[in-house]
Structure formats: C-alpha cells, structure tokens
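The following pair of complexes shares a single chain, subunit A, combined with subunit B in the former and subunit C in the latter.
Let's turn to the complex of A and B:
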C-alpha cells in the first residue's frame, strides 16, 4: 500500500484526478471545475476483486471511465501491467483495449437494438482482427455457454432477452478478447434481487476460471461484501477508507463507511437502527467543502480542545452551524412553519424552533457554548444568518473543517480521517 | 483450477498477430458501379433519346441517378435482415388505413415510373381543346369530336374513349397530363430526398457525435439557413437560370433539410450516451466504425420519418409554384399546378373555349386536385405510421 507503484499489481491507479470545467458566459470561459475525481490511488492484482463504493455522484463511475481510457485524466496516472496508458503507441493501445473490459450498469442500453446478441458479442473480435466468420461464430457460441446462455441465443435480438440474460451476454462480450481486468460498473443494480444473486455467482465463477482482476463499482455494500477481497470507499472524488473486506466490514473506521454500513437493511426486526445514518445531500463537487470533505455530514466531527461539551451536543450544534453557513435554514420558512400567516413569531420562538429541528437542547450545559448559541440564534431571527454563522464559528470550530486529513495506514488498511492521525500508531479513536 | 491439463473455458487467441478487420463495402461498390453505368449511358445517348424516353433532359438524368441512389439506400437494409423487416411489416399491417395508403402509393409510384413507357408526351392539338371525359356531356363548343346531343334547346358534347379523361388546354389529353404530372412530382420527391437525406444525416450525425464547436458551428449554420426563404431565392435565381424544375428541386431541397438535421442531431446525442457505444469504444472499435455500425442504423428511422414529412411538403410547393406560373411550363414537365391553373383560367387561350368557366371544364382541375391531395395525404399517413412502427421504444 505504498504510493510507489506496486510491481505485482496488474492495474495501478496513482493520484487520479478528473475535473470537468464548467464554462459559461459569452466567451465560454472556464468559471469553475467539477472535481469528479480528486486524487484516487489504488492497486488491483491478478485474481483479486476490489470494490469501489460510494453514494451516487461521488465519482466512482468516472474512475471507471478514466481507467478504461474513455476519458483522459486531468492528472495522475493509470498503469496496466507497468505500462502507463497515457503514452501508448497504437499497438500498445489496442493491446490495452483487449486487456481491460467493462460491463455497464444498464443492460437495456448496453446492446445495440439493431444487432443480434451474437453480432454484439463478436464486435470486439471483429475490431481486433478475427476475420474468420466460422471461428468467430464458434467462439461466440462457447462464450455464450460459459456465461450460462444457450448457443442459439446468438441469433436473438436484445429485446428478446431479459435484463439478467443481457447482463450475462455483456459478460460474454467483455470476455471475448481474453481480458485480464474486468471493470463492472454497478453490474447488478438494475436487476431483480433473485437475478442479482445469479449474476454475482456467475462473476465469481468467471473470475476463478479466467483468473480475472475485477474492479467492482457499486453503491450496494452487500454486493461488495459478497464479491470483493478489498474495498475502497469513495466520497466526493476522494478515497476515504480502504482495506480488506472483512476488516472493513467488521471494524469500519471512517464515519462515512460506518454510515454506509448502517444503511444496509438488516433482516432482523429486533436490531436497532444504527445512529450513524446519513443526512442531507452530497455537496456540490464543483465547490467541495474545505478541510475534510465529509465534515458537513459527519456524525463524528471533532470538538475543539478548549470546549467542554459532549460529542452528540457538539455534533448537533455543528450541523446547525453548517446549515446556517450553507443557507439551508431559511428564516422565512421557519417563520411560516411557526406562525402560519397570522403574525410574525417572536425571535425566541424562531430560536427554539431551529434548536428543535437540529436536535439541540433548549439550554446547553456549557455556559460559554450556550451564550454563543443563543446570540447566534438571535442574530438569525433578526435576519442576519452570516453573523449568526460567524458567531458560532468562534465558539464551535473543528479541525475537520480547517485541515485536510492525512491518510493513516495500518495492516493493509488506510483511512483518511482526523480521528486517525498518521503519526499516531496507537490508533486513538476518540469517540470510543 | 485442478490440474495443468484443464483446458481453458474459452480458447485464448493470439491477438497480437492480427490487424484490424477490413471488409469490402459491397453496398458502396454497387452504388458506384451503377452510377458509373448510368454515366456511361448518359455519354452514349446524350440528350437525343434512348430506349425509354425521347430527349431526356439534364433533369431526367439527375432523376435517374437519384432513383439509383435511393434504391441502394432503401433496399439493402430491408433485405439484409428479413426478420426485422417482417417484424416492422407486421406492426405496419396492423394499421389498415396505412396499408391502403401504402398500396395506393405503390400504384401511383409505379405509374409515375412507367409514365414514359405507358403514354407519349402530351401532344399539342388546338382543335380538340377541352373535350369532356368519356360518357360525360358538357356544353359543346366548335370542336366537339364526339357526338353532339341536343337537350332542351342546348347542344352538348359527349366525351369519347379516345380521350377517356377528356382533354385540357391546347388539346393535351388529361390522362397524359396526369401520368406525366405524377412523374414530375416523383422527380421532385426523388431529387429532394437524395439531396436532403444525405445532407441532413451527415450534418446531424457529425454535429451530435462530435459535439463541441463543430456542433455549434453546424447548428449555427442550420439556424441561418432556416431563416432564408427558399421561395425568394428561387424567384431571384429564375432571372439567371430561367424557370426550371431542376432549379426548383435543388433550391428547395438545399434550403429545407435544416429541421431534419436537427432531429438527427438530437437522436444522435441520445444514442451517443448509450452503453453499446461506450462498450464498442472501450473494446477498441474506431469512431468511423461506431458511426457506421451503431449510430447510422439507429438514426435511420428518424431520417426516414423526417423524409416522409418533408417530401409531401415539397411536392405541394412544386405544384404551388407552377400554379403561380413560376415553375417549368410547357409540355416537357406537365405539372399538377400548371394543369389546375389552366382549369381555373377563364381568359386567354383560343376562343371561345378558353373562356369557359371553371365549372364547365371541371375535369381539367378536379382530376389533378384529387390525385395530388390523395397522394400527399397517403404519404402523410404512411409517414405517421412509419414513425410509430419504427419508434425504438415500441421495440422492447
């Protein structure tokens, strides 16, 4: 897990960045950048499955597209078997295209409605010069059989196949060039649960039979748990945690990973829902939050050393602060909810309502904290949200919003969170 | 992986020893050969007439080339995949009205294609102007060639089988005018299709697939073009080249493909994001092959539907312009517009019959009006049905 390229890795990604410029105005000038992927590194070895998880919009599909060289990275490198894909000759590029194949999420659109399944599966082979039609047909038939379809299915059209069958055919197409690396972009999320299990089992069989390295991209932690040897968790274009599947699922370190795991539905009705659920939306990747990008939604924001306050109280006040800063709390909407349209509710009522909405006690135990909070809420009720936010920032700062966390590594795991200081080998988790 | 002897489930191929595939584009070769043969015929016969037609003009040769091109665009996709053709036909056949309209169009197009073989060009014969159709009587003039019947003190002329649909101005027989008029409409349609379809497809596909400044530039041009009134350009060009059907067809086709190109572009934009194109790209299929194998076949429905909407418009425009006497006049390209105009004309021509009221020579304008409007309606019905049949959303 060092930053130097691992020589045993088949696929190495180092510091990958993909930014999309946002252009506007008359001269089409670049006004901002969407940082879809912002510094991602991982290795993938032969026969290994790496899961890349995260909410939608966190940039995991962009990683896939960049790894496949469907898009060129803004910065960083993708290396396949020691060959950087950025500087390749034509022949090397063709070789790379054969080595790395992809299966897409939507089985409905991954086949040309005007081609038979056989033609689609054979298409990569034609592009790579397998001109002998008989040999191609034989190969298509055996490929279809390997993925659990009938050889006759090659004459059928995509609309005659079910979603699961199409996903099998997509695997057949991906395997047609004897690839080493298979990228599966949400391979089962568009399928029924029963079909999902079949496809996942097929992927496992194929991996064993062909000794494939698989990069599995998913938002579904249970799929990842079933298939992957190692997992990397992405948030807003960055990797926040990675490690072997077992240790990551047993002992998630990053608060975001914990939240994702808590979101897996548990069949046991007596199990209490974890309190680590995710609130709010993923921030705009065009202007990601400062410091740790997850601090706006984190359940474990670190309180300042000089403030004697318990974690959950600090947590809820901090959420309120973020809400004020981002303009998520509107004075008008609070008033409307309170008083209807009869009269303007008193500032005290507004303050109480805001406290209630964020789960903050009506009176904080710590005197300094309480003074600051009530002043801020008075300012808010007067319509000055930015003053309120500034007042709170003085008393309730956090290292999470100031500094970008560094990566902390131990036994094949890596986590990027302020709660795990890189110089700290004793692994102090202050919330425990 | 139990033993070394296990054969891999899929044979491994030494891809390194293979170059990119290359196959003969038979469709294209056939098209070039046919056009070459046509050019040879043109050089051999010139404009002095050949087996089919006396004095074929430049327009006729363009029209023939257009027919060849159309045949090579339309026929191969239908033949290559009979199962899909059959599927489309089944869906098309579920609409009875559309089937009737298609049958009607087939008859009309065959008549138009065969017109030069079926009847000679309209012959001038000033002594037999405005004869009524067979078995129909009309107020008699001096030149009745059929029996003259007297009824209530007035003389009536009865039509004869020599001119089953009667005659028009200058003694042109109506059935000749109608058949050759159909041929003129078909010429307009063929030339317009052959000019508009490739242009709209190329511009739309390139703009949609390449995107960026190419898209901005091409669509900007289409905007400009759509604001240019073809009619005005045509009227101006008349003063340079004279009134001609070829000019009319070229000017209106070159200025009318913009909306089709926009349709094709938006369809291409949608298709470009489809998984199969990404899959092909990531498998190393080149852009040109992706365009030819995936984009073009999938936007062809849009093109076809666009053409069936645009062509009837142009047929009507041609008739309207000849009605205004701004089109090709004379007996070389008898047009519905021209015939209808003569049917309504009450002055000029040879006295006294040219001064007949439109009601007294109703067959002159009624037949072309009925034929023209029924053809246009049939085209529209078939076009609408094709849009429903070819809509890919109906395919899943």
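Let's turn to the complex of A and C:
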C-alpha cells in the first residue's frame, strides 16, 4: 500500500498506524491492542479537499489527531511539505503545528465559556508568540469579518452566539496562524440543516481565498459530496475505497461505500424507506474480524466456488453464521421470543425462528446446504452454539473471511475488496 | 376519523430578563391513530416546545401555556397533575434526542425497563423481566436475554436509542412523541432506527409525532408535515404536497438547503429573528425573497388553503383573489427586504448567520 510520496502533496500520510495498548493484570501487561488506525495512506494537495468518511469508531478522528501531531503514530509517517513530524525537534515541532489547524464538531465545547470570542480567537497567536496586543486585536477583527461575523463580536461570550456563529468563530481561530492544512472534524453535524449549508458555503469560500488544503472528516456522505474533491472511505482503521468524489458517488465499488450512500435519507417522499443496508455495529477494533474486516456486515460476501447457491441466500445464511459466532443469537432469547410460558419450545420451532430472524428460507434449494444448515440449527437448539457455528463454517465458508483483500486500482480510484481482484494475479494475499 | 390528539391555538410564553419570549404562537395540529406527523423547523422554531407541551413536560412556571390540547376527549391543559400522570409516559410516550440522558448509568438496561413496565402495569417482577426481554428483542437488540443484564455503557449509541424506544413502548402508547431521536447518531444507525419506528407503527397502529430539522428524514417517514418558523406555523400539508408543491417561501428555502445530487445547497439569506423581539407581520418576511410591503404589517397571515383544504400556508400570496404564481419565479430576480428590515439588529441570542464570506450583517 506504500506508494511513493507524491511530491506535489502538501500533506502526505503513509502507512499510518495508531494502536492503543490494552493492559490488564497485576503486572499491567499489554494483553491486546486497539487498532484504531491500521495502515492508512493518503495525500492532500494545496487547494484540495479530501473527505475521510466512515461510521463512529472507524478511526477517522484518530487519523485527525495524528495528523495534528496531538498523538504520535505507532508506525508510519505524516509529512507536511516534505518534512516528517517525527524528525522535528521540539521548537521545530511547535512551528510545524502552526501549519495544521483543526475545527471540532461541537462548537459548544470547543470554546472556553469564560473567555470572549476575541480572546479565544487570539489564543493561538498568543501561544505562538505574537505579543503585540494591538496587532492581535486588529487581526482578530479582520478574521471575524472574514468568517462573516462582525468585528464587534470579539467582545461577546460563547453563550451569546448561536451554534453556527460559534462554528464561524472556530474557523476564525483555526485561520489565525495562517495554516496550510485545515482539518475539519464533523464541522456541521451538530448544526441545523439550514445552518450547515451556510457553514459549508463559508468553508468553500475560505478555501479559495486562502488556498487551503482541507481534510474533512464526516460520517455524512451528503456533506462530503458537497465539499470534497476526493473521498477516502474508512472502516475499522483501514481505507477500503478512495477516489474522486464524482466517480465514487456515481459508481461506488466497495459494499461499505454503497451502504454509506444508501443511508443518506432521500428527500423525496415518493421513495419508500428502504431496508437498512447496514446491520449491526462496527466490531471491536481490539479484535477486528479476519480477512476483510467488513465481511461480518457485508451484503456481498462471496460464496464458495463449490456451493451452488444464489447470492442472497448465501448472504443470509452467512449473516446467521456470523450472528452465532458473535453471540448475537442466544438460545434463551429465541425461546423467549417464542413465548414459551410453560413449556420450552421444540427444537424445530427454535430452528424455524432463527431462520425467520435472518430471512433464511425454511428449506434451502441446495441439498448439501440444507442438510448442513438444519444440522447446525439442531445443534443450536440443543444448546451447542459452537458446534452449530462449526458445522456452518464447513459448508458456508467465504474467501472474505480467510484472506485479506488486495487493493485494486483503476483510473484514480482504489478499492480493497475481493470482488475487485487485481487482474490475473493468482495470489490475492496481501503481503503485510 | 376523529383525531386522537388535537391541539388548537396553543401558545407557550416564557418571561425572561430580556422580556417575554413567545416560543410558540397559535399552534394547531391534529394527530390521528396510525399516522406520522412531522414538526419541522430550525433551532428556535418552537418544535420542541410544541411537542413537550402535549404532556406539559415544559415546566410551568416559568412557561405559560394557553390553548387546548385534547387527547381522547380530555383537555390535558386543564387536567390535574394526577390525571396527567396516567397520560404522560403512558398513553403518550416520549423519546428524546440524547439516549445517554434517558438512561441511568448505575442500573442495568433490564432494571430500568422492568421499572418502567411496572409503573404502568401491575405485573410481577419476573413477568416484567420477560416482557423487558421481548421489548428489547422487538427493537432489534441482539441476544436480548443476555444483554438485558448489561449496563447502558455496554450499549452502543444506536442500541441505547433502541433501548429508550423499548422503554417508551413499555406502556403500549397511543402516541409516541420522538424529538430528534436520530440527530445524535450516525447516518447508518439513523436509517435503522427510522425503519424500526415505521415497523412498530405498522404493528401497533400508534401515532407518531416526529420532530426534526432534517427534511430528508421527513420525506422518509412523515404522512403529514407542519413547518414551523420562529414559533409560527408557516405551512402544513401532506408530505407529498410539501415536497412536490411547497407553498410557503420558507418551506422552499428549507428545501433548497438540502444537499441533493447534482445541485449545491443554498443557504437562507439573513438571520433568524431575536425571540424577544420578533418581526412584525410574517415572521419570515425579513429573509423572504418575495416579501412585499404587506408582509411587514399586521400579524402573521392566516393559514390559507393552497390546493385543497389539507394543504395550507401562512403567506399573503395565498387566499381569495390572490395570485401565488409570483412565488414560482426565480427568487434571485426579486429584491429581498433584508436591507430595509427594521428588526435587523443583532441582539444577543439571535442567530445572525451571514450567508457567505464577507457578507457580514453588522450594523
């Protein structure tokens, strides 16, 4: 995944990893690691906006913190204009920090309630040694005007401003040190839709005026589409797809990208509310799934070659298998649903209920598949969930859970999914 | 069919240091069994105050509530606190934006569910627990028989909101009032929760009053829509009317804010009015591209039929002998009244949002 550093890039992230150790026991040994970011690479050029999207818990904010050098990476590098942060001395690092600034999600908590807006906006300048109070004041006033506030607003306190105004002030503060790179971490998700539109328009204007490189972090694809030139989609610490905004929205390749796009509520009352494409939650990054990390929630898991089964049937049986493995199906819960007030429900009833829950037909067309599934469900009804899981694993394996997908590239897009294998490469195992 | 919940001429005012704030003024809504009514508007539009007034959750004093709220033949504004308790959280249940605040961190999810079940139903602890498991199962918590004994912090944000919905369902409510239930969660989680609410409605036939600022969500779940601005109803109608034939300029402006494929979103010019000193005439006129002199005099125009009785708008362009076709012209061609606005000053608390770079509305 480590492509050569693009010399025109202002911000360059290569193979970035950030792991947090989990310690336990009286020796406080490291027992596992939370892999918040696990091998992320991207470039950001001047005047360009890159969107980093994904659900909460996929590691996008950790990427932001590392880019800001608020955290040091476990591995990999972050370079700004060709200089690696890790190589910098303390004083150099301070100067470096001026070049990358951030605006946070919640404007309510990113301002000190006891400081006026002017003091807050001036604070970075004080920290970086602009001692002349008059010049600071002048600069604060002009910054406030640039972001569409009034110079007089410098006297006001955060509680006197609306959410949108505070976010404008946060932009003024971020711009106060003339940064090259601006990181926006969910800048509008705490705001009303009408105010979102204003802030997004402002960001666009600011970018043009100051030729900023912007890294926009969001879970909302509609915001990303509005602002970004390129998009990188992140899942469980990894980039699963990236490409120019238009091609990614027109032709999303990775099933996760497709699911994210499908989740945007369509402002058209004639469209029926579809089934949620993305079930469940982001798995625990301390023990990410093997193979493709998305396989536990994927709608396009690849069936084995030797099993004659249609995609949707395989998909639902596979989801059932994952449910058993993760303990999402419990015998007690199924019995409770069947309403066994007096007597425990029969194994056949339990099996039928599980099939129903996962949308699996009561009898599969393929004989081998059916035999395996009914044996597994019988084992489950007997209380042996792990045997059930093993039985299903024999008949319903998938390449997605065994092998790490390799990255497939074509015209500026890159997708990491088994459905897009690099051409005529027999070995799809990614070297790690 | 007679409405289950019928609110008419509801006003909510607060006395503050800076004067009286009319959070809601002359608000009407009818909610029928099995339908979803969406209250839409920006922060400060009065949508939350409206839905919290239904069961008098708005503390009063300081709030003053006027009007009538009829629920199943009973006037809830006149009812005693005791009578109200058999309605609030029982026949009319609430779900709020932040599930974190609705769950107590020191009790398990199951204990809290059992408690809310036993408040409303005279059942044994073990029956209540069984019902708790079934409720969690119903709202889509995986393996509920085990997870019922977990604490709220062990649930993800989306699952917490599902658990809160389960608690609201504990009393088999007739009306579920959901105030921005998906604003604090991811878009992917939001899709699942909207789906769940719709399924529950299909099963139980309950009415849902859904409060949101996001028209995308409205399009997905609403049957009928009430658009609020600065405490006044701007437009009401069937969801298809609102999206296909928006009548009020404010509704159009809100729709233009939505990012859609192939088109940039367009912010609303001007700033949200100061709640202590709302503009005279139509509350939206200072920001309206179609405002004429008449808009700034008198009060808010009455709700006039747009096309059919169920679709009404509070705008001078509608009514007998009026021609609303002017509204359909391109907004940019007409002058805005923004500059001439007598109420344009920027008081503390007002939301002065300039439209874009350099267009600051300083005095």
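Operating definition for what follows: the second predicted complex is superposed on the first by the 413 of 432 C-alpha atoms of A that agree within 3 Å, B and C clash if a C-alpha of one lies under 4 Å from a C-alpha of the other, contacts with A are read in each partner's own complex, and residues count from 1 in each chain.
Note that in this section contacts are C-beta pairs under 8 Å (C-beta built on N, C-alpha and C of every residue); 3 or more make two chains touch, one makes a residue touch a chain.
Not measured: the values here are computed from a predicted model.
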Inset, instruction - Using the superposition on subunit A, decide if subunit B and subunit C clash or fit. - result: fit
Inset, instruction - State whether A:223 touches subunit B only (first), subunit C only (second), both chains, or neither. - result: second
Inset, instruction - Could you look at A:209 and tell me whether it touches subunit B, subunit C, both or neither (first, second, both, neither)? - result: both
Inset, instruction - Quick one: name whichever of subunit B and subunit C touches more residues of subunit A. - result: C
Inset, instruction - Have a look at where A:25 lands relative to subunit B and subunit C in the superposition and call it first, second, both or neither. - result: neither
Legend entry - subunit B versus subunit C as contact partner of A:328, first or second or both or neither: second
Inset, instruction - Return first, second, both or neither, reflecting whether A:70 touches subunit B, subunit C, both chains, or no partner chain. - result: first
Legend entry - Vertex subunit A, arms to subunit B and subunit C (CA centres, degrees, nearest 10): 70
Inset, instruction - Examine A:104 and indicate which partner it touches, taking first as subunit B and second as subunit C; both and neither are also allowed. - result: first
Inset, instruction - Look at A:337 in the shared chain and tell me whether it touches subunit B only, subunit C only, both, or neither; answer first, second, both or neither. - result: second
Legend entry - First, second, both or neither for A:164, with subunit B first and subunit C second: second
Inset, instruction - After superposing the two complexes, find the smallest distance in angstrom between C-alpha atoms of subunit B and C-alpha atoms of subunit C. - result: 10
Legend entry - Intersection of the subunit A residues that touch subunit B with those that touch subunit C: 146, 209
Legend entry - For the subunit A and subunit C complex, residues of the former touching the latter: 55-56, 145-152, 156, 160, 162-165, 192-198, 200-202, 205-206, 209, 219-223, 225-226, 249, 259-260, 262-271, 273-281, 323, 326-330, 332-333, 335-337
Legend entry - Residue numbers on subunit B that touch subunit A, as the complex places them: 1, 8-13, 15-16, 18-21, 23, 84, 274-276, 278-286, 289, 293-294, 297-298, 392, 395-396
Inset, instruction - Over in the complex, which subunit C residues touch subunit A? Could you list them? - result: 42-43, 130, 133-134, 137, 142-146, 156-159, 186-192, 194-195, 198, 213-222, 239-240, 242-244, 253-255, 257-261, 264-268, 272, 346, 348-363
Legend entry - Residues on subunit A engaged by subunit B in the complex (per definition of touch): 68-70, 93-95, 97-98, 100-102, 104-106, 108-115, 120, 123-124, 126-131, 139, 142-143, 146, 157, 159, 170, 173, 175, 177-178, 208-211
